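Every chain is named by a letter (A, B, C and D) in the order it is written, and numbering of its residues begins at 1.
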């Protein structure tokens, strides 16, 4: 794969619509995401953010619309195929392998990169040794990067909330994805953990495109170069963080109509 | 044409017997997400209890039937509650599989206890419990007993349907089966509600057991498993957790089994019945009436 | 350290066992190995991949019957018949399981019971006069080859012993490999596993094929040991016993499953005395075991990663 | 660690359980279903053998050696049967009466033959004598002979036009039904259907309704008395005008209870005589001894046949005055003629089958006892 030009489009979503019975959770959403970008998606609760992510990552199938990732249409594909293509995600409700150790949880990210076939697995022959060494070393390296290498032998379930989040992100990062989808990564974290996380995401974004849902607006404004605001399943506004902060519809959607005067551009 | 209608009656009778037992499975599964493997053996136990109690009650003359039925249903309900307290309550928070193995073990205990108490050989079910005799229309013969079974089946289904949807306890049961922890938060007394479910399931199952004994005159200690599995399949066909589903699932299974052995081949009747289940589960994984469970992410 | 010492003691004991065991106890020893093999194969799908399979005796029966048919009806030599009886079940398992592999938990359990009923009914209906109907097939005596009499108890005992030891070694490797851990991932949370690019249905199919090979092998050994196969040996009741063994012994744990098999198949031979109370005791034991140790006698302690690398011990 | 010591303990249990013991007594083994579905028949076998052995010991044992009985429960399953066979051979059994079910018998034949232990039982599956195990013989008759007898009765004696056959999945029932169907075919009889029922089920109305449409003259069921009783009761319920004939396993007093007394009347039973019908002096003595010893009548004809099997062996050993099994079996197969058995004269052919046939057709009359309506003393081929 030659080195793509700086801002080519890696993911484009075209008139995506997904409804649960009568409710249109995602209503005709279209946007593009270029490589190396950190795109923030914000919006009040129930605006369709997670449903949008679920459609992109293959958890659920959208009725209409297309999702093009690196040129091929992934809108109907199953989740594991999409993951193999290089899209990894974290979940709003942390979904770790609870009874297993942190090391094994992170290792699961290596599954698609490992070239160990069933015969090697059963006989520990051939490239089993090198493959395992590479796997566990990268697990250790990544754990150190995320400052959780002290917890590798702990059971995932026993960790504090913030640490579990980091394990989930580390797990997603181990396979060096092209696109990392973060579903409220900072939820449940205190301020110091949040700044630490922002730094990590900034480092990750050097060679991975990041698509993020986050309620903590300060973090979003600081990290993301571009922001999309969703409301009732539709894109309300799109643009640079400053533009979004002063956008009339956004504030109305967030704060309610009469507050625009108080928090308007003058304030 | 007579053959068809005779087969229809055969199927409906057999199906409604299965329906009685299926009900026990559906209610327990609805609330504890547990396949109560011991339920089939409870049904057998009811038939054997009737064998012991019936001669004692004969002294009461005409009331004999009522007293025996009541005594058996009550004792089976008590045993059902004990079963829940000993084998299932301690495992409320345990992993699903250990609950299943505990149910299998409980089933084995009841089955072998019956064998040790009443012996390994088939026993004869008392004839005087239910009215015998046949009615003949042209070439079709319908025994009074099968009429009773059909009517009782519909009656029990209706009362239960109303009970579940209209009474406070019924709502509590429905709440508990939709979401265990939320129902608990809302002040539903979980232990009592679960006890009532086992009470109803056991009682209706006991009735089913006695009707089976009366229909086929012989009961063996090991018949519980076979009836149990067919009844559970009926519960799934109807949509596990739905009360009308248990009844319609039972009738569907009874008719399939009857028409298959009547018109296809008796050798492959069971195979066709199970294939029906598998095919249905592939296309409608929640059965005819079941609620579809959307997996929350 | 202690674990290695104990394994060595066990291996030595099993090797010298035939010398002082009379032929009845030799059969019981071989039976223990055969049923442990089936229990281990059940543990692959139930204990590791988390598939609620209560019809596992099907694959055990496939191995036994294919071997019996090839030897008695076609007079095939031991090696060819054994080879077919070990690998054919894998393909048959794939064909049987694929249409229903997506079913979740209890639904798969009921379907597996249904499949087991169908399997026994096929055996009983004696299609094309192959399966011998309810009598099953007896007189399974493959022709001796270069002096090896395949029906001698001692040969079968050592053959089963070698097969079970290899199986345990291979399953140990499997646990510490990419696929083994992937099985645990799909058991813990198949959606999260899918988000890591792990296709649960595909792995479950592999799991069934691997376990069908082991169960098929156990079927061959059974046919050799008892020189007869009949439908009731592969009935739903047998599948329920294997299901209980894995759960009581401890899912995904090799010593646990071996201990479970010992309790279910070898102890009864000791309690020959009070025969009819035996099953009542088992029922009570199953309930008591589950209430006291819901996760089984020796549940697996995960941690399938190189210990030295992270300095932790399990 | 703690958990591994558990595994070590289990091995030690295995270790100390196996020991050898020798004795100079003549050991008779009983391999029978003491528990499980056929428990009553298995216990009957064991009681009969103990009774015959006790009587033989009272007369000074066998050629001067006292006899000991060892019983092993095979639950009627081939797997347990194989373990029992090996255990009995190890415990020094020279003669084994076993087993009641054909499958369990077949699974043990090879083991007894290799140890030259004489084996006899009441199992009737034809395949048991096809393995030409030299130490196996039976005092009962194989299904083919009963098949011929039944077919002849249906086609030539009763001249039934439409014959409906029903069997279940047990090896005995399928084997017997197969023999009847084959022989009816040879005699040119008309079989309208050959149906299968599941022995665990109890509702057979579907099959019977299908048969009713074929308007049969006779319904023949080759299975056990429980299902036989239900079939008869449901036939009457469905008002199917046809004779009902049960195979020899219908011979059990419970058939009448299950079918219901009214329905049982006019049911036919093709099979061996019931113990009460045996009028030979030895049989009368055996029945009364059994009743006195065990406070219960002889469970079925199969108990008597197994007793006969053992008496044949004892008689042979006395005639060749050695307890050597090879000499005895040679003498039994061809040497002994018309031994005075409880079930009539016994001659064992070279292939281990018993010559002749004592089959008869009984009908249940209005006061509910068996009345012989046809028997075929001539066919003693």
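Here is the rule we go by: contacts are C-beta pairs under 8 Å (C-beta built on N, C-alpha and C of every residue); 3 or more make two chains touch, one makes a residue touch a chain.
What you see is a predicted model, and the numbers here were worked out from it, not measured in a lab.
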item	value
Farthest chain relative to chain B (centres taken as mean CA coordinates)	A
Innermost chain by mean C-alpha position	C
Euclidean distance of C-alpha centroids - chain A vs chain C, Å	42
Whole-Å separation of chain centres (CA-atom averages), chain A against chain D	74
Cα-centroid distance, chain B relative to chain C, in whole angstrom	33
Between chain D and chain B, distance of the C-alpha-averaged centres to the nearest whole Å	37
Chain C residues counted as touching two or more neighbouring chains	125, 191, 276
Where chain B touches two or more other chains, by residue	120, 267, 270, 297
Contacts with 2+ other chains: residues of chain A	59, 91
Residues of chain B defined as touching chain D within the complex	3, 6-7, 10-11, 13-14, 120-122, 124, 127, 134, 136, 139, 141, 143, 212, 215-218, 220, 222-223, 226, 257-259, 261-263, 265-267, 269-270
Footprint of chain C on chain D - complex, ascending	1, 3-8, 10-11, 13-15, 17-20, 34-35, 39, 72-73, 77-79, 82-83, 86-87, 89-90, 102-103, 106-107, 110, 125, 127, 131, 169-171, 173-175, 196
Interfacial residue positions of chain A with respect to chain C in the complex	57-59, 78-80, 83-84, 88-89, 91, 95-101, 103-104, 107-112, 114, 116, 118, 120-124, 128, 131-132, 135-137, 139-140, 152-153, 155, 171-172, 175
Residues of chain C defined as touching chain B within the complex	46, 52, 99-100, 103-107, 109-111, 113-115, 117-118, 121-122, 125, 191, 236-237, 240, 243-244, 247-248, 251, 276-277, 279-280, 282-287, 289-291, 294-296
Residue numbers on chain B that touch chain C, as the complex places them	29, 33, 35, 86-87, 90-91, 94-102, 104-113, 115-116, 120, 225, 229, 232-233, 236, 240, 267-268, 270-271, 274-275, 277-278, 281-282, 285, 295, 297
